[in-house]
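Heads up, there are several structures right after this.
One chain, subunit A, appears in both complexes that follow, with subunit B as partner in the first and subunit C in the second.
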Partner chain A sequence: MGSDTENALKREARNLLKKGDVDLVLGYCMEGDNVIPCFISSPGEVDGLVWNNRCKNNLAVYLRELEGRVAVVAKGCDSRAIVELLKAKQVEREDLIILGVSCRGMVDKEGEEYGSCRVCLHRNPVVYDLFVGEKVSEREERDVDELESLSLRERLEFWSKQFRKCINCLACRNVCPMCFCEECVLEKKDPEWITRAGDASNLFLLHAIKATHMAGRCVECGECERACPVDIPLMHLYSRVCRDVEELFGVESGMNLEDKPPLAAFDLERDAMLEENEKNKRG
Partner chain B sequence: MEAKNKKDGFEPRIVGFLCNWCSYAGADLAGTSRIEYPPNLRAVRVMCSSRVNPLFVLKAFQEGADGVFIGGCHPQDCHYMEGNYYARRRFMLLKRLIEYMGINPGRLRVEWVSASEGDRFAKIVREFTGDLKRLGPLDLRERVCDGI
Partner chain C sequence: MKKIREDDVIKLLNELRKKYEVIAPVKLDGRVYFKTLGEGDVLTLDYVNSVVSPKDFFLPQKERILEFSESGGEVTVEDELSSKKRVFFGIRPCDVNALLILDSVAREGFEDPYYLGRRDNTLLISLECVEPGDDCFCSVFNTGPSLDEGADLVFTDIGDFYLVKSLTDEGERLVSGSEFFRKATGGDEETAGKKRKECVKGMESLDLRNFSVDEEVVKEKAKRCLYCYSCTFICPTCYCFDVVDRMDLYSRNGERMRFWDSCMNPSFTEMAGNFNPRDGMVGRFMNRINHKLRYMRDRYGVYGCVGCGRCIRNCPAGISMLEILREGVRK
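After this line comes the complex of A and B, so read on.
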């Protein structure tokens, strides 16, 4: 027996498909004891839909590829990714029906909560057309990052060690709903910014570049970290970038359709003051 | 190379991205006015400070730069009206990022230098070179690869 939320989700999905309001429902289903994303196109398949604490995937990553009208199950991070995709004109609002659900944190096979969920600040969906289930309370503040207490030298050592593990599989990029460039600089051949057969400093460069690209985009869903085959704590890096963007430019990605991309905007007076402050602190 | 590891004889390598309309002209003026400044900065002329991708900065560090300098027009003077406003935000953020990753943010310096500020350009390069001498070599590639 599924939960009330799960049953309600099935009901809505069935309705939408029956009425022909959507061509496809994008949600989660079981495969063995794994929960995986699924694409449902007929009311008869709706019974396979599940909603539980293993629905970790950010479904927004599929939206750009899908044709027709789609109903998508969206917890906090999925909905924030959808907001960013809408802002970047990667998907059309009228092609989407967002089935909002609140999340209580997703867990892995062993039942341990994912790092990104432990520190998550937005478990409730930010946008939706239909809401299913009950809202949950949100944490107010970010955790303190233990890496902040390290010296510069120790930080460089830490990240070097992490990035030396990287096998350049780009799984972190492929799974990211915000990585949608047609041509990715990480794979560019001419000029080849990241030398594929080069030394480990290329991996350092790769991840530093990727972090700059996450600024103002990352919704902290943690998919990159889960996809990483060698357990690089990528979310530390991206969360830090998110926090910097918030502190400096007062924008939290995925929260508001009206927000301008912070690096394609400016605020003359405020930025001049910021510049002064930052100079005093960081040279 | 040998001298590089000894702090005394260390001459920092600086890659400078200078915007065509102001900072590059400022550097030019420093030269034509015979103002002396350290030869550590290698200038790369770009059309605008906003042409500088954070990637260029990171790549320069990877390839052995000890410091990176970005020079643009003063606010309100950018030849393309708003280029330096975007550059300003971009590099404030990049400084924080490199600091988080373990690179001293003082190794990235952003300044607005006009075409008439030849003396100021020279002064900034002198200062920056001095700062980098104090910080010592970055050796990013070596430190990432060998964990030293």
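After this line comes the complex of A and C, so read on.
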């Protein structure tokens, strides 16, 4: 983590604010020993900006609520979330200035790299207006999915055990930059799709629904896992359904603004869509 | 004062399991949870605190509070009151203090028979802290690391032994009826005293006499809150719940369920016609902080926070209750 990147970031942020190009810079600051998301609205505050290996938050989650023109610091996963939000028309491209930064993987307080960062294949931002720092090399291949090698029964046991820990706080949904529905099926009361205060099977259903809703949309930032108080490895599920979407429709979430969201753009002529997305990839 | 050998603690709990349901700390996927001990469960004594607070055993995340049925025009209602005798081992002093706060809530106006039934039938064996966790700040509220009231027995780690202090008659009976306890010496008590002092030294000390909630600071923090609700779910003093009736297909038999709710959820204050008096995120965040640090103090004479640090540890946006306290004193 070079402080060169941090300084460059400060320089760009200061410029943008001074020129009045943006109303706000969304980045990271320190509070005590903690790195926290922060909202900077004047050049005088820019010195507080930091860039280090503790900047774990996916800042895209704040974009929908912010008003005015915003410059946002975006590492790989933040930028992928921005792409998905743009595809879903949740934010306006002209309201954003994306300050791309490359990430070497984020670590927790004890210095241990987060699970989502260990398996990350996109550490460089996929979309940006200004890039600061240096690009990093990407891992070429995904790790072998150990769960995949287990039998159906073993996997069922694994996830049942995980979901038994669930206290139904919905933090996984609430911190997800991709969860922006005005009304959520998981806590709709009339009709009540998921039984409130239900048994283990209801929790299983809740997580299964959440996972299918992440298909083709999860950007693998790992916020769900970090927010989960009882450490359910949720991103694993969401990544898994995204792999299926990749195979079926040729789309990896958050990679290309031109991609049609496979499960939103319903098309009976699936092959035609596949072809189009393949073309985009090549182009 | 008595003491018990560390190896004997598990023997004691196994002995108690013959008469009681025993709740104790166990490890699951590398983290510590309280759990009703069953065959094959391995007790752990090496922990700062549990992930989910002990309130789950008194005000469960979900519980059936009553059953009802209709037959021939007659409606019968049956309360689901708990009378199971339990021993809760390993509860930390901060969490004992949290239960004392929940007691005030459960006894105010209407009594909550479901919660109080569990409380009255549960013996608490508290384990004092001799080493603070990274996010602990019980010293600020004087809700730890030592404990002088609220539990039946208090254990303090003094090396190979735990010093045992009984605070109630029931605690005393438990000690005198068991072969695992032996007499403690003055030296043991001295060791315990030293350890408690050391533990306090490792924690924040704040003088709350001039404390008031700094609304500007809190509002600033509210901006980055993600409203994930997890702080309210793992908090040992958050008690808000929702209730739902569940009927069978013929609407004859049903059950009433109660489950945790969160003031961070916009639907928490939503009224008929979709009107929401506490609309907007900042308002919800402000309410949570004010509830803990102002309203509860006004109502029950104690702060609604016990400094267990769970919310700090878990907050995805890095919001710290301790920082809010510091700012409120600094002001």
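Observations on the structure shown:
As a convention for this text, the second predicted complex is superposed on the first by the 261 of 283 C-alpha atoms of A that agree within 3 Å, B and C clash if a C-alpha of one lies under 4 Å from a C-alpha of the other, contacts with A are read in each partner's own complex, and residues count from 1 in each chain.
The rule we apply is simple: a residue touches a chain if its C-beta (ideal position, glycine included) is under 8 Å from a C-beta of that chain, and two chains touch if they have at least 3 such contacts.
Because the structure is a prediction, the values reported are computed rather than measured.
Once the two complexes are laid over each other on the shared chain, residue contacts for A:A215 go to subunit B alone; subunit C is not touched.
By the touch criterion stated above, A:V144 is placed in contact with neither subunit B nor subunit C.
Between subunit B and subunit C, B touches the greater number of residues of subunit A.
If you check the complex, the residues on subunit A that touch subunit B are 147, 152-161, 163-164, 185, 193, 199-205, 208-209, 211-212, 215, 237, 240-241, 244-245, 248-249, 262-266, 268, 271-272, 274-275, 278, 282-283. Within the complex formed with subunit C, the residues of subunit A that make contact are 31-32, 34-39, 57, 61-62, 65, 109, 165, 167-171, 174-175, 187, 189, 195-198, 223, 226-231. Only residues 28-31, 33, 51-52, 56, 61-63, 134, 223-224, 226-230, 232-234, 242, 244, 246, 257-260, 262, 265, 267, 281, 310, 314, 316-320, 323 of subunit C touch subunit A when the two sit together in their complex. Considering their complex, residues 54-55, 58-59, 62, 75, 82, 85-86, 88-90, 92-106, 109, 131, 140-141, 143-145, 147 of subunit B touch subunit A.
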